[in-house]
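For reference, the structures are reproduced in the following blocks.
The same chain A turns up in both complexes below, where it pairs with chain B and then with chain C.
Moving on, here comes the complex of A and B:
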């Protein structure tokens, strides 16, 4: 079905960013606009999700150019879901930024760039054209370059060099892959590519292109041999920025992998085993890396890597149940990782350090806050009724079904390591008796902030924790949703027909 | 480079280059040109002026901070892109006025999009140049 208004989540973020630019110097007005319009965006995303679930896939052709020639925007359940999750995380981080981001950063355009980043994310999720996907990736990485360097502290610049270099490399590889693909089939529309790539005779070149795509997206989503930039850079910017990076940026890579490897390159035996091994090793390196870290944010960064491995593992099994698990985990992971980085920010504001060794006694001093922080921490581990558990059930089940015991072993050992890491973090930060920490001069402590800023830092954590609890306890709804998406990922005919019209007319 | 020849030339070059920039901007719909190139040429006009007369003088003729052109240009481009949505068309569909305007020719929403790009490019380039030359 055609509906020009599915583009609204992108347009509205752009509108927000432009409006914020008009108030470049007034920081309080900027904060108010950012939060208020993020709420409106969340409303738009909920509307998009409901109409897509009710009436099926919506399509619009930019500039009214017909499908394989113009740029298609398409809202299928997966895209709508990702847009919704972006809006939820965006709203939470926007509120958290009000409390935690320094005024100097706001004066140099923190909020406009933040909304440009969200616009790029929404664009990447809604586009149905592979080159347009590249363009949205560029918007995302340029905004993220600004955000990661904004403030110009020494550690930040050091982290950003690694981040910028690796992401530029990934973009170059991605662009090369698009160029080869265009040379092979002469089309950029993803639905059209899906039909044309399937018919190609030259399977060798198709596989090479597929691997180039895998490497490009793999760097962006930080999979095994290419993940070193992530833990080296995500702990350097302010926590609000790491929250949006940790929650959403690597997941764009996972989304792109899911899209490209279900729609355009359906994995053959070689690709499946490649993806499986990469996924298994990613889980292992990420979780083992997290074991030895002392900085809380570095622990979470390594866990991002490990848990990206889970999602890739779902793709590596390539059964409907495994993809359902991946989609479920994607929902859980975006909410929880965003939340955990905000939790680390709150701990820093209260105690003045990220170091686990120096922290301690948090539970004794702040029992209510500790219980609140326990929700995302234990959701991440996946203690049964909480949200991290259900997806693993799907993966283990489908791993046994197809006899891929290697991946099952990796997933279970990854879970075990995550449990160990989080138990260590809990006992170090919350239970251990902590020494009195020396007061730092350049840190503005939590209790010195204005009450409204304190609320702005705690409220988003409560908000995302409630969503996490809902994902865990109301898993029935989320599984229904993931099942719809998983089915459409395995059978892409509805997607292609929505873009190009009935498929029987297309085939000679 | 405060030579008298360059100084005199720059005061003639500024209006000439600005006119040329607008010509390139209007030409861009069917022929090579457009908002991006036009914007660069217009920015170069101011850059040459600032080389010859110093940055303060150039600031004096622009009167407001060039960065302010960015949100204005972006809003113009956004408006041009979303106008078709109000009539039920797809994003960025070209809408045209019925009668040609003298000298310019047919005017459509694409022209306003290009003018938006034109303003953004001038704003960005001048902000970068002014900021860099300030810190040196």
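Moving on, here comes the complex of A and C:
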């Protein structure tokens, strides 16, 4: 079905960002606008999700240029879901920013750039054109570059050098892959590519292109052995920025991998084994890396890497059940990782440090907050019936089904390692007796903040924890949704037909 | 012409990656720029180079009947050039800033991010 309003999530974020720029110096107005319009965006995303689930895939052709010649925007259930998750995480981080981001950063355009970033994310999820995807990726990275360097502290600058270099390299590789693909088939529309790439004789070159795409997206989603930039940079910016990065940016890479490797390059035996090995090693390196870290934000950064491995593992098994698991985990992971970085920000505001060695006694001093923080922490581990558990069930089941025991072993050991890491974090930060920490001068502590700012820091954690609980306890609904998406990832005919019209007409 | 372009692209990629592997910040950025230019030329090359055949349909027909110069790769390159221009400008300012803050341009000395708090 054609409906031009499906690009509303993109346009509305652009509008928000531009509106915010008119209030460059008035920080309170900026905060109010950002939160209020994030709520509206959430409404738009919910609307998009409901109409897509009710009526099927929506498509719009930019400038009425028929596909495959123009740029296609497409809202299939996966895209709509990603837009919805972006809006949820965006709203939570926007509220959290009101409380936690310093005024100096707000004065240098924190909020407008934050909304440009969300616009880029929505664009990447909704586009149906591979070169347009590249352009949205560039919008995402340039916004994230500004956010990660905003403030210009020493660690931030050093972290961002690594971040910027790897992302520019990934873009160059992605562009190379697009160039070769265009040379092979002469098309950029993803649905059209899907049909044309399948017919190509020159499988060797197709595989090379596939690997270039895998490397390009692999750097962005931080898979082994391309993940080193992530733990070196994600702990340097303010926690609100880490939260949106940790929750969403690597997941765009995962989304792109899911899209490209189900639609354009259906993995053959070689790709499946490559993806499986990469996934397994990603799980292991991420979780083991998290074991030895002392900074809580670094622990979470390494866990991002480990858990990206899970999602890639679902792609590596390439069965419907595994992809259902991947989609379920994607939903869980975006919510819980965003939440965990905000938790680390709250701990920092209260105690003035991220170091596990110095932290302690949190449970004794703040029992209610600790119980709240326990929800995301234990959801991440996947203690049944919390949200991280259900996806693993799908993977283990389909791993046994297709006889990929290696991945099952990696997934289960990754789970154990995550459990160990989180148990260590819990006992170090919450249960261990804490010493009185010396007061830092340049840190504004939680209890010195205005009440509204304190609410703004706690409310998003409550909000996302409730969603996490819903994902875990109402897993039934989420599994239904993931099943719809998983089916469409395995059978891409509806996607292609939505863009190009009935396939029988195209192939007489 | 194609052969010349192939050699230039190969050289640009090789030089770009070689420069990126050096320890100096400035060389890192030069490497990234060379790599980006290599990718742009690659799109140009793979769009099939045709000389003197603009994609214009004459009055008598509705579709292009002969081989023509594909305008899409040029549009892609133009977009990519503009984007990489912005990113490179940002990266250059960033290394300037990094040099001021860290007071070195040796990448091996930039390990504040690995410090244990």
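Here, the second predicted complex is superposed on the first by the 507 of 508 C-alpha atoms of A that agree within 3 Å, B and C clash if a C-alpha of one lies under 4 Å from a C-alpha of the other, contacts with A are read in each partner's own complex, and residues count from 1 in each chain.
Heads up, the rule we're going with is that a contact is a pair of C-beta atoms (placed from the backbone, for glycine too) under 8 Å apart; a residue touches a chain by one contact, two chains touch by 3 or more.
This structure is a prediction, so every number in the text was calculated from the model and none was measured.
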Check your understanding: Where does A:273 make contact in the superposed view: on chain B (first), on chain C (second), on both, or on neither?
Key -> neither
Exercise for review: Using the touch criterion from the header, give the chain among chain B and chain C with more contacted residues in chain A.
Suggested key: C
Check your understanding: Now for A:483: first (chain B), second (chain C), both, or neither, which partner does it touch?
Key -> neither
Review point. A:64 contacts which: chain B (first), chain C (second), both, neither?
Key: first
Review point. In the superposed arrangement, does A:4 touch chain B (first), chain C (second), both or neither?
Key: first
Check your understanding: Is A:161 touching the first partner chain B, the second partner chain C, both, or neither of them?
Key -> second
Exercise for review: Using the superposition on chain A described above, determine whether A:15 touches chain B (first), chain C (second), both, or neither.
Suggested key: first
Check your understanding: Tell me, which parts of chain A touch chain C in their complex?
Key -> 131, 134-135, 138, 141-142, 145-146, 149, 152, 154-155, 157-162, 164-165, 168-169, 171-172, 175-176, 178-180, 182-183, 186, 188, 232-233, 235-236, 294-295, 353-355, 358
Point to revise | Residue ranges of chain B touching chain A (in the complex, touch as defined) | key: 67, 70-71, 74-75, 78, 81-82, 84-85, 88-94
Study note, to complete from the structure: The chain C residues in contact with chain A across the complex are 16, 20, 25, 28, 32, 35-36, 38-40, 42-43, 45-48, 70, 72-73, 76, 79-80, 83-84, 86-87, 90-91, 94-95, 97-98, 101-102, 107, 110-114, 116-117
Revision key, fill the gap. Within their complex, chain A touches chain B through residues 2, 4-5, 7, 11, 14-15, 17-18, 21-22, 24, 60-64, 73
